[in-house]
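What follows are several structures.
Below are two complexes that have chain A in common, paired first with chain B and then with chain C.
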Partner chain A sequence: MTRLAYYPGCTLKTNAKNFEDSTIATAEKLGIELVEPERWNCCGTVHSLSTDDVMHHLAPIRNLLRVEELSNAGEVDSKQVVTLCAMCYNTLKRSNMVFNEDSDRKKKIRDNMYKEDIEYSGNVEVLHHLEVLREMGWDKVKEAVANPLNGLKVAPYYGCLLLRPRGIGVDDTDDPTIMEDMLEALGAETVGFAYSQKCCGSYNAVHMKEVVADLAHKILKQAEEAGADMLVTACPLCEYNLGPRQSEVEKRYPVFKSIPVVYFTQLMALAFSLGEEAAAFTGNKPDPRPLLRDKGLLEE
Partner chain B sequence: MEPENKHFKDRVVELSGENVDLCFQCGACSSGCPMTQEMDYLPSKIIRMVQLGLEEALESKTIWVCTTCFNCEVRCPRGIDVANVMEALRQLVLRRKYDRVSLDELSPEEIRELPQIAIVSNQRKLTA
Partner chain C sequence: MENNAEIVTIYVMGKKHNVPGDLTIMKAMEYAGHQFTRGAGCRGGYCGACATLYRKKGSYKLEGALACQKIVEDGMYIAQIPFNPAEKTTYSLDELRPDANTILEYYPELSRCLACNTCTKACPQDIMVMDYVQASLRGDIEQAAKLSFDCISCGLCAVRCPAEIVPYNVGQLARRLYARYVDGPSQHVLDRVKEVEEGKFDEGIKELKNMDKAALQERYETREKILE
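This part shows the complex of A and B:
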């Protein structure tokens, strides 16, 4: 087993528990033990864009310091930390860059943390779980497949923060293939659609429900018209806006046909035959199970 | 040309770290923006307003509906991160403690149902 530090972030413990459960189970199957640092805190969810801001970098950097402590204690095998939520990924990675590239703010951040046991070095590498899988090799993923997802047409939805801004993302900003490669390793067929990188409306979901429902409708309808049976995402906010919020879409578009949205790790758990608990489909709205049973991929 | 309000323009440039004078109004940022239907000024227009030092940009609805999706950033041929400029404009308002949203407007059910990342990011972007 390779021991890898894992930063869950808040939503992975609540709304996106299905994302976490399916990740831990599938990672273990692939020989990775995910180790959570103690006393991690919310990353702040959005990277602070103002050039004079120091305060909002403390939360992300403090998390990286916890990872460094784990590494120094020999509890993990590298100075890397893996994230699942696209927002956490973006926020931790960008704050780390600010810390390493802006010596003035680096000093101020350190000064604010002078009571910590160690000083953060700047050397923790922030990864998204998709990058860990790619590094391991798609052949390895393929080898673990016991229930190939043949006949399942999946539309990968990247959204924003896995790919942008330029220089931050998990793959080529203009022409990403990482999700496609992963899904094809599971035996699924991937379906391209023009809105796979268009914003779902993000945090406007809180106070602009209707606007976000309109955006979700466009994305979902396009995926469906491209022939997809379901969408796959790597972000709990995308999942929420495109999945559970289909109830809002239905209110505004009476002819809209619902379509399941799942996390990529849930399809991994299904393809690895790790059982219902690992795939955790009970947490998804709309329920993807009837479709998966129809396709003969899930037992009755 | 002298900007109408130089102090305003300088503050936006400083806070965003973006040289807005590089913009040549091609409109690529606006064409990729997912939120234009809700905006009063297109993102490219906002950049123009900052160039000219027009403080009315702070009154615009645009800066509050921007989702910070960075579509503009990847499209701009002049290397301007328009999302950073939007943030600078929001900050100039928020730092005077003018919040745009309040959790009081949400029902307890909504608060329970929304993912934490939605609530925290919404508050980070739209309140001081």
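This part shows the complex of A and C:
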């Protein structure tokens, strides 16, 4: 077992518990033990774009400091930290970059990092779980497959935070293949569609529901027209806006036909035959299980 | 009473006083002639009434302490915080759910936490305040309740928080949610309440009420023996 530091972020403990459960189970199957630091705080939620923003970097850097403590204590095997939420990934990685590239802000961040035993070195590497799997090799993923997802047409949905800005993203900003490679290793057929990198509407979900509903409608309709059975995501906010919020889409677009949205790790759990608990489909809206049963991929 | 301690100089709200150096802030202020009508309570570090901000001579740091616990130092500038005009919401505990959204509904400013740890730095109880604020934010009610358990609501965390969160009220809500929905109710409390309601202690209370002061004092002083 490789012991890898894992930063969950708040959503993985609440709305996206199915993302976390399916990830921990499938990672274990692949020989990775995800080690959560005992103490962690909010990732910072959104990367700050202003320049006099030292305060906004304290949360992300403090989390990286926790990873460094974990590493110093010998509880993990590397100075890497894996994230699942695309927002956490983006925020932690970008703050890490600010810390390492801007000596002025690095000093200010350190000066304001109250009540810590060590100073953050800047040496933690922030990864998204997709990157960990790619590094391990798609063949390894393929070897673990016991229930190939043959006949399942999936539309990989990247959204924005996994790919942008350039230099931060998990893959080529314009022509990513990491999700396709992943899903094809599971035996699924991937379906390309024009809106796979379009924003899901993000936090507009809070106060401008119609903005999210319009975007979700465009994205989901496109995927469906391209022949997809379901949409696959790697981000809890995308999942929320495109999944449970389909109820809002239905209100605005009466002819809209709902389509399941799942996390890539849930399909991994299904393909690895790790059982219903690991796949955690009960947490998804709309429920993907009837479709998966129809396809003969899930037992009645 | 004779006091041989070295005399130190302190400044209470800017006014200079010479006081014995082995006194607590509270006793030193009384020595200097102040009389507490607010901002003093148990004098034992438990009630949280005597929150105090101070700065030491030559230091830029604004520090916090309980006046009844902290010993004065030479050149200390002191200001009492006898009352904190903090937001305290009302709620009906029976109608809540033990999750992050409940806490955010009553204290939405919680989401402004920057993880700067200023609250932890300010806490005279050495509580990891920021960690319980963060636990509340992600709905880990058990962690929030346990980490905030020693809080005495002195208010120094809230006074110092740049996000204007009131951590001690958040912690209190988390502990109430934990007791009501996660941990409790405790069987021994239910049993005792039942005994009270059934009148088990009515005779005893009646007896105590009718005692004169001397008898009551005698009973108090020998209480351990009675228990045995």
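Keep this in mind: the second predicted complex is superposed on the first by the 299 of 300 C-alpha atoms of A that agree within 3 Å, B and C clash if a C-alpha of one lies under 4 Å from a C-alpha of the other, contacts with A are read in each partner's own complex, and residues count from 1 in each chain.
By definition in this document, contacts are C-beta pairs under 8 Å (C-beta built on N, C-alpha and C of every residue); 3 or more make two chains touch, one makes a residue touch a chain.
Quantities reported herein were computed from a predicted structural model and do not represent experimental measurements.
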Superposition on chain A - do chain B and chain C clash or fit: fit
Partner chain in contact with A:Leu215 - chain B first, chain C second, else both or neither: first
Residues of chain A touched, compared between chain B and chain C (which is higher): B
Partner chain in contact with A:Met136 - chain B first, chain C second, else both or neither: neither
First (chain B), second (chain C), both or neither touched by A:Val145: neither
Partner chain in contact with A:Lys115 - chain B first, chain C second, else both or neither: second
Contacts of A:Asn204 with chain B and chain C, given as first, second, both or neither: first
Partner chain(s) touched by A:Ser50 [first = chain B, second = chain C, both, neither]: first
Superposed model, angle subtended at chain A by chain C and chain B (C-alpha, nearest 10 degrees): 80
First (chain B), second (chain C), both or neither touched by A:Leu30: neither
Which superposed partner A:Thr14 touches (first chain B, second chain C, both, neither): both
Partner chain(s) touched by A:Cys42 [first = chain B, second = chain C, both, neither]: both
Chain B versus chain C - smallest C-alpha distance in the overlay, whole Å: 5
Shared chain A surface residues [contacts with chain B and with chain C]: 10, 14, 42, 44, 56
In the complex with chain A, residue positions of chain C that touch it: 99-100, 113-118, 120-121, 128, 130-131, 134, 137-140, 162
Complex interface listing, chain A residues touching chain B: 9-11, 14-16, 42, 44-46, 49-52, 56, 85, 87, 160, 164-166, 173-174, 198-199, 201-208, 211, 214-215, 236-237, 240, 244
In the complex with chain A, residue positions of chain B that touch it: 14-17, 34-35, 37-38, 65, 67-71, 73-74, 81, 83-84, 87-88, 91, 101, 105-106, 113-122, 124-126
Contact footprint of chain C on chain A as seen in their complex: 10, 13-14, 39-42, 44, 55-56, 58-59, 62, 112-116
